[in-house]
């Protein structure tokens, strides 16, 4: 835990379920990743995930939000939560899961928090495996990665508008008969 | 004209059932014993017989159903017994398009193009719940059922269908074609 | 004299009749598509073909490989008449042909060292 | 023709083309997953662009490769994916935890037990729940059977594409026996949905152990059949050795894992280096080869099949001694109470009602769990807000990263080698497109 404090752009760190999460300032993400790769020895970027926290534990209700003929914001999907989860600083979080290929398989999660419309530096020069990962998060979540060699839609059609994995994007598909969503 | 197979007098007889007597549609369509005794038949019936005996499927494997579709070519559920073991990869040489798996919107256009490039008479089997109705993926990415873009002859349920289920679907198709039921693009005017 | 050619004539007629009937049947029994025939014209490119492929030059190596095949295939074709008459020709035929094969082996080694065989 | 004349036979050296752009790796092109046509060739118009498209017999599903050919040689390549994007993660956010367990199997539909396991392990990690030993060993047994099943499908199809057609029928004969075991245990051949949060759904059926013993006896003999068929087959060796070279640091830089990584000489296997379930109490060998070509990936998977059979045998020995032990935890908040208990106790009726209607609740938090699936490290990142529905689920698919290496692997490959390379990467498109 101690040497994680020397990561450039270090904000805070937490240890939960046996995993260390280091929150990093989005502006210094590339230096942090280069530091993690060269000095801390995390030579493989295993996964890169963006999460949308819109309506997180709002009104003590859990679960999926969605509007535009999708789920209704005010219709609680479940009963109230026993314990309100901690409030998230901003709407989006990007988690970089790193793995060091050495004894004990140490893993680290670098997390940076963004508002909608913010952009973050691409880490493709640090780990080439980030190429498709970032394209997928741009495609499904709408996070802009500056400096990415060719940031384009990966999984969806090129003429698809909107980013489906956002919480305010309706689930789509067709209303099922005899269900409240009809 | 949303006519149903029943209007063609096709009862759901099972061909796989060996002890079954002559199936209902042969009696209903009035096949005289003389014709059967002498083995004379109309040219159209002979052509239909030839078409069902070597209906070549197109390898259109999409998702999990494709793995089960591969299994019916294996030695246990051998499809060669029905003259269908040659899985053609180009639509020009294929008669039967087995849509095995979930069709995403990005794959819809290639699917439609391959269907158009197949030569008549052609049939479509929607294999599995995802191809028949979008299955458990009622969301933005999956086409809710292949019959929105391609006229489908046979829907095979389950997820994924057992090889026996797919073979029964194929045999029903043979049975229907032998009985004179025209392929789907003639019965249903869905974007022939 | 003509009579002993009759079997060949019948054989030729059969050889002609079978493909002709197949071609005729494929037109007689075929079902014409009524609509959406544009897809029939464009080439099959795994489902994503945009239209006619623009004509393109092929590299010379295809041509080279074809030529090499012809050279060595004809060499084998010449072996057949030799094999049939080998007993009659005896040693003369064998030496004659060995010389023929030798020339082609020299050509083969040259091509092989020049690297024209691997792509 | 002139450019290819001085090539040194089949065994080519590592694809070091120009100065490596990414330090420590030899990935030459600016965009790691794209091989762009070298400038001198670009102007000449004898570059033929071919669509190795979504409906192609040898792309193992709906992968599309846009290939630029100079004659037979591949000079440019870029993979297009997304033709099987099914929106799993959006759907799972809608379902309760119980229902969401059915989805992961359809993601990697060839190694489906492992995918289901990774999601169930993530939920259990969030719940900090103890799983009975019998369930742990049974999960391990089924996952190893699934690994053999997945490698058999790989071997059958990729040998079929390289012309060894009879391999397909041999491999699918063994695959049928494995599917019989799955059917005996869970009632369904594929997508068995046999793992439950807290253990396994049902107890192990009576006839399972003798059947599994029979399989464990026949599998080594079957493996010898495959080896005699393929290993000294000149055509197979000629088409796989020295083809699709991937160096160790390229594999790490591109995030490879599993057989592709181990074939490039990196000795890394999550079952041994980060043991989950009961892999630390089972002894098996991790095959590592340093060739980094298609042939070594094939040999890694063949050895893994043999090792998995050894693990299955050890699991069977252990499980047969665990007769009558509980196969699921009795934490009533998460696991349905047994049927007869509902008639007597009021609490289990309330628990049953709560679990069935709203679903059990998973405490808030985020967790990332990774296991060794047949294709490599398959991970699952789950975020829960304390409610009965997952807030965010993301799967780390090994095939997604395997396809990123197609461009680097097919340097100087011929069009026929491309089929061998794509086959050896063993990418499942459902896994890639999610």
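Quick notes
Chains: A, B, C and D, in written order; residue numbering restarts at 1 for each.
Basically, a residue touches a chain if its C-beta (ideal position, glycine included) is under 8 Å from a C-beta of that chain, and two chains touch if they have at least 3 such contacts.
These numbers come from a predicted model, not from an experiment.
Within the contact network of the assembly, the step distance from chain C to chain D comes to 1.
The interface carrying the most C-beta pairs in contact is the one between chains A-D.
Taking the mean Cα position of each chain as its centre, A sits at the greatest distance from chain B. Separating the CA-averaged centres of chain B and chain C is a span of 38 Å. With centres defined as mean CA coordinates, chain B is found 44 Å away from chain A.
Centre-to-centre separation of chain A and chain D, using mean CA positions: 24 Å. One inter-chain figure worth recording: chain B and chain D are separated by 32 Å, centre to centre, where each centre is the mean of the chain's CA atoms. In chain A, the residues touching two or more other chains are 156-157, 164, 169, 171-172. In chain C, the positions touching at least two other chains are 46-49.
Contact with two or more other chains is made by residues 53-56, 82, 85, 87, 90-91, 433 of chain D. Chain pairs that touch, as defined above: A-B, A-D, B-C, B-D, C-D.
In the complex of the two chains, the chain D residues touching chain C come out as 1, 4-7, 9, 45-46, 48, 50-56, 64, 70-73, 414.
Of all residues in chain B, only 59-64, 66-68, 70-71, 73-76, 87, 89, 101-102, 104, 106-107, 110, 114, 136-142, 159-160, 162 touch chain D in the complex they form.
By the touch criterion stated above, chain B contacts chain C in their complex at residues 47, 90-92, 109-111, 113-114, 116-117, 119-121, 191-192. Listed in rising order, the residues of chain C touching chain D in the complex are 45-49, 56-62, 64, 114-116, 118-119. The part of chain A that touches chain D in the complex is made up of residues 16-17, 19, 21, 43-47, 49, 51-53, 56-57, 61-64, 77-79, 81-86, 95, 97, 99, 101, 103-105, 107, 109, 124-125, 127-129, 131-132, 140, 149-150, 153-157, 164-165, 169, 171-172.
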